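Here it is, the structure in full.
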Amino acid sequence: MSSITFSDSRWIARGAERASFPRFISWLVPWVIILAVGVYAAGLCLYYGLNQTNMDNRFAFGLWIFLDLGIIALGAGAFFTGFLVYILKRAELKPILNTAVVVGLICYSGAVAILMIDVGQPLRAWFTFWHPNTHSMLTEVTFCISCYLLVLCLEYIPLLLRNRQLRRLPSFLVFEHQLHKLVPVLAAVGTLLSFFHQGSLGGLYGVLRGRPFAYRHGFLIWPSTFFLFILSAIATGPSFLMLVTATVEKVTGKRLVADKVFRRLGLISGVLLAVYVAAKSIDTLIWINITSPSVGFAPWEYYMHKPFGLPILFAEIVLFGLLPAFLLAYRRTASHRGVLLSAAALACCGVLLNRFVLTVQTLALPTLSFDEFLQYTPSWQEVASFGGVIAYGVIVYSLSYRYLPLFSAQPEGGGKDVSGH
Amino acid sequence: MKVSRRDLLVWSAGAAAGLMVTPVPWRVLDDVSIWSQNWPWIPQPARGPVDVKQSACTLCPKGCGLRVRVAGGFLVGVAGVASHPVTRGALCPLAFGAHQLNWHPQRLRTVLHRRSVSTWNAAQMAFTKACSEGPVVVIDGYPGRAASQVLESFAKNRRGEYRVVLSAETRALAPYERWTGVPAALLGYDVENAGTIVSFGAPLLDGWGAPGHFTRLWADRAAGMNDPQLRLIQVEPTLSRTASRAWQWVPVRNGSEAVLAAGIAGVLLEEHLVSARGPKPTLSLTAAGEQTGLGIDAIRGLARTIVARPPVVAIANDDSPEVAALNVVLGAVGARGGIVRRSRENKSYLAADTPISSARAVVIDSSVPWDFAPKTDAEVFRFAAWDGGSGSADWLLPAPGFLEEATDVPAAPELAVQSFALAPALTKAQHEVRSAALFLSGIDSALPTAEEIIHARCQQIFQSRVGMLCSREQTPVSRFAASQKLEEQLWAGAVWVGEPVGPPNLRCELKEWPTPSTSTRGEGWSSSWTAPVLPPLASKLVEESGLRQRAEGRLA
Amino acid sequence: MRRSLLVFGLGVMVAMLAGWVVFPRALYMRKPQPLEFRHKTHAEKSGLADCNECHALRDDGTFAGLPAMEKCAGCHAERIGETKAEATLVNNYIKQGHETPWQVYAQQPPNVWFSHSIHLKRAGLKCEDCHANYGASDQVKVYEVNRISGYSRDIWGHSISRLHRAPHDGMKMSDCEDCHRQHNADVGCLGCHK
Amino acid sequence: MSARYGMVIDLDRCTGCGSCMVACAAENNVPALPQATTRTGLTPMLVRRVSNERDGAERREVFIPILCMHCERETPCVSVCPQQAVEVDKATGIVMQMPQRCLGCRYCMTACAYHARYFNWRDPAWPAGMEKSLNPAVAVRMRGVVEKCNFCHGRLHAAKEKAAAASKREIDPADYVPACVEACPTGAIRFGNLADTGDPVSHEARSPYAFRLLARLGTEPKVYYKSKEAWVRQLAESVSGRETEASREMKHV
């Protein structure tokens, strides 16, 4: 054990070359600090209550809910890649599968952590499981997210067990192989769960009859936002994976994934994004012309308050929708790595903007004719815990990258055989 | 045999698995959330029976009827008395939080001498000493009570002065005292019979007179009606609560209310819109139209509207001779629906804000508005239940708080008839308190006690055989067999209401129009009644809703 | 492999022991009652057989709960009998004018509103239906308080698993609900919560 | 048998004194915290001051008491609560908020169009000794839960108990009057059973001058307002439904 303090080479996959241990530590330090501050801020909120935030009775949801919706949308790459690889048998995407799992795990665990701070009475949060209200979208979200988090852990374990040291324990190896047989099943289950909670996260707002800006008619029991959220999530998930991988490549200065994988991801992302934009546009038209007027709200009302003017709607649909969709799908543009990545970035911004609008603008807008338009700026505690989650993500990913064979396609020591195929 | 690390791992795995099928995790989870529902640091109300008792509010000189919930000797809720002949179940917003006032952080709990802790004995000695050196001035904020009589006779016995801080409503009646000779404290407005009320800045719907007296009248006869039986015209520079709800709002330039009164009077006389002969204002109509910013036609129109529905009465916010003169022109003085005399007795008061000369001691009763500070070099003994912070008194003496002492309740300042009620004490102070009256009778044993005086009042009412005793049902005083019964019913919350004084009610002599008055409230303290502190729940009206603003001891 | 199974099983055993035997004892703290009180004696000797004699309803329908001191003083103004409890009652409480600080077994938390009048007069329940036949007991039973939640043990009931409980064992919300469901008397949350 | 309690608030009679707000807070043991602001305060009953946006003698103002509207149909806050801390009581139609069940996710607050729900941002506290003045009929809530108007359920309890003590099935309507109704000095707030056509309140609710805020959302609120002034009745609509400077200029855009 003590050897770790000098070098952790025993833990790194054979042959895979990694930065020196001190260098790695120096990379971690700033993130650890951010995480520490975040944990402190979260502690304040848990100990003194939510008066530590700048939320109020009108702005009952704030930065944190936006964060939850955002990272869960971006984490969608996890289940979607699993779905593509194991259900649709797209073997070429295998290389990024592990990354997908880690990213997914990070996003979902981060989201759940933030949710636990965000509720006023975390000690009673389990009531949702004991006295669930089956009509509530939030119940659906809670159940699915917690189950899916479990699935992700199960998917993460075999990866974890492939660490060089852990593999030394024979029973673990057995366990890992058993688990690995499970993975396709897990992927299937994960897909199902994810479809539902991505959707119900959208439903969360679509059902708000009292907030005509968010309220949508729907099919069956689900408002249209339910389906829009699924679409936008699976459309941007791959893009986010691309970004993550690219960033890792930048940081480590290594080629980890072949360009064709990138282009494939881009294509998927682009096509889906196009579909999403189409759906979103139709939905918007229906909402402007039917849904909103039917409850007595003329659509122009929503856009008469700066900064939430029509440009935002435009940006959402064209700048962050149509444009990246084209760039990602069109082979000429997609063949440029730079273009591809910036398009992916645009797509991710798009989904974030969409979540932002739905969480913040919905609450900022007046409903009663004598309400005022409200604004809210998060307190440092909110921002810090937000940063904490990001830092947590970076740290977990860095550790995983260093000690686990994330990119089985890598020409790294035993990469192939480790993957068990 | 040797235990390996692996064994430990397996063992704890087993233990963990086993624990899951024991109550431990589940009971802990359950009990912890139950704990979060009963956090020990969250105060919870006491268990036990709740009694409902009747009393009267003594926070200000309006004396609204109270229905108070009492649990374990503590006040736990306040409501109005629907059967109350004057307030008819209404209270001011502050009263609904008054039961918490006795626990207010600013509650005065010990005797303070120049802001440092002292004792009652020290205060008593200091006061006797000061009295021996020279005359004493006793200042009362709530005249007409039994306690007031104790204060007054003490001052008389010492050849001192008994002075009174009159409420804004009473001060607005001061001009008529000058012209009729009847004390302002015995005058009132016969609003019940008015057809049109022109308010010159008086907050008729916002704390003027007894809450619920005028507001309820307005709600029943004026609210929301296109052609109401009672026309409320509000003359005020800003859109106050009253102005916003009035039948008509007349936005005049700041401070030009008196001018408008003159202007209207001018039109009335010039166009012979009134039968009564009154003094002609010196001011020209053009000048009035200019200074008020309304213009001539508006004033003419206003004058015609006013007389369209008699009887008419003008109500000023404070001592304003012009508005009073307008009433003379309108013939509202001593007339039905106008300014009437409440009682035949004749009792006038020395206003508190005339400078005090050559007194050695000044006693200020706890009923005196906190922001009243007499200009004097005498030693000031200020009684107060709550410490309003600033204030120049040498001695601060803790007085009984809300419903901590029994007292009687005379008529509210604006009433057209006499009324009398009793306010029993419903709770005990948690520290040693003394009212000014008790303190003084401790020094001058010859003084009558408040109990004796109240007893005498009841006797007097019983013997007069005048008026009604109003509780759930109304009983003429003449029906009572014994004064005892009457007094019992009064202690139980019944209210005695007298009869209107028949004509000739008032005779008013006014030859020429009063010379334009400068602002009448010069003494540097606010005109309306102010409490030293507001109930904590007032924050609902101010900080938590923005409905009103805080202005020391008052709601603006 | 067999060895690990053995070790695993050992772990399970220990956990079971801790969870089912040690934990229930550790969870509750015993609090002594201030006095030795015999319902039986009062019922038989003093003709207070009817619960209402001491645990009465007030005129407004509210339940008085444990009798106030003056009720006891009615008979115990001076010592009757020679027991130590008698002495403490008379000297420490009645003479001093203090209420006896009883620990109330069936005490519900402040957020619960329970109307005895409704259950007695409208639903026609008997005291024993909820409080068992405690009125006939011959001594005060030990009062146990939950260290975490601060509730009396009678609320959860004495069976830690709540699986096969004696009748009247437990006064949790779920117990109220069961009874209400059986008599389809659904009252909603604020029907019973303050 | 099953009542539908509701209110009719005559805005023409309201002088905006705020007695209802204080009486409500006192009845329901709502704390007055020094740190509370207009955005973080607890005002289950809230009087808002609204003008017709005109100037000079033209200007009119009205005071609008806002409380939980106890929506009857598709009650937004009920369907969203993940753990059944909110429910519409079958017997009374009251929308009940259950603080001890609430986990403080505040989803119901985002669902309410009237902003009539309030979150306990901090633990309630009173100056030393003042806890003795709390109303025994209502439990104090703790930090981290949502609360709102329950139509003074403490008073409903008392009424039920009184009825039971007299072995009566139905409560006497005179025994069940919410604090704000009792407190209103002008009798502007009327409370009654909308399901009972004989009840004066249900009669008033059907008056041509009666209206409900944002009725077009289709949630059937049970709190009605009443005014003879047209511009006041227009306030019921959303901004676009109401003729204001803002709306006029926006329509030109």
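Order of writing sets the chain letters: A, B, C and D. Residues in each chain are counted from 1.
We adopt the following convention: a residue touches a chain if its C-beta (ideal position, glycine included) is under 8 Å from a C-beta of that chain, and two chains touch if they have at least 3 such contacts.
Because the structure is predicted, anything quoted here is derived from the model rather than measured.
By number of C-beta pairs in contact, A-D leads over the other of A-B and A-D. Overall, the chain located most centrally, as judged by its C-alpha mean against the mean of all protein C-alpha atoms, is D. The distance from the centre of chain A to the centre of chain B, with each centre set as the mean of the Cα atoms, comes to 63 Å. Chain A and chain D have Cα centroids lying 40 Å from one another.
With centres taken as mean Cα positions, chain C sits 52 Å from chain A. In chain D, the residues touching two or more other chains are 37, 41, 48, 100-101, 123, 137-140, 142.
Residue numbers of chain C whose C-beta contacts span two or more other chains: 60, 62, 110-111. In chain B, the residues touching two or more other chains are 32, 35-37, 44-45, 47.
You'll find the chains touch as A-B, A-D, B-C, B-D, C-D.
Within the complex formed with chain A, the chain B residues making contact are 29, 32-33, 35-37. Residues 6-7, 10-19, 21-24, 27-28, 31-32, 34-35, 37-38, 40, 44-45, 47, 49 of chain B are the ones touching chain C in the complex.
Interface of chain D with chain C (complex): residues 85, 87, 89-91, 94, 96, 98-101, 137-140, 150, 153-154, 156-158, 160-162, 164-167, 169. The part of chain D that touches chain B in the complex is made up of residues 10, 12-19, 21-23, 25-27, 29-30, 32-34, 36-38, 41-43, 46-49, 56-57, 59-62, 100, 123-140, 142, 179, 182-183, 185-188, 227-229. Interface residues of chain A, counted against chain B in their complex, comprise 121, 123-124, 126-127.
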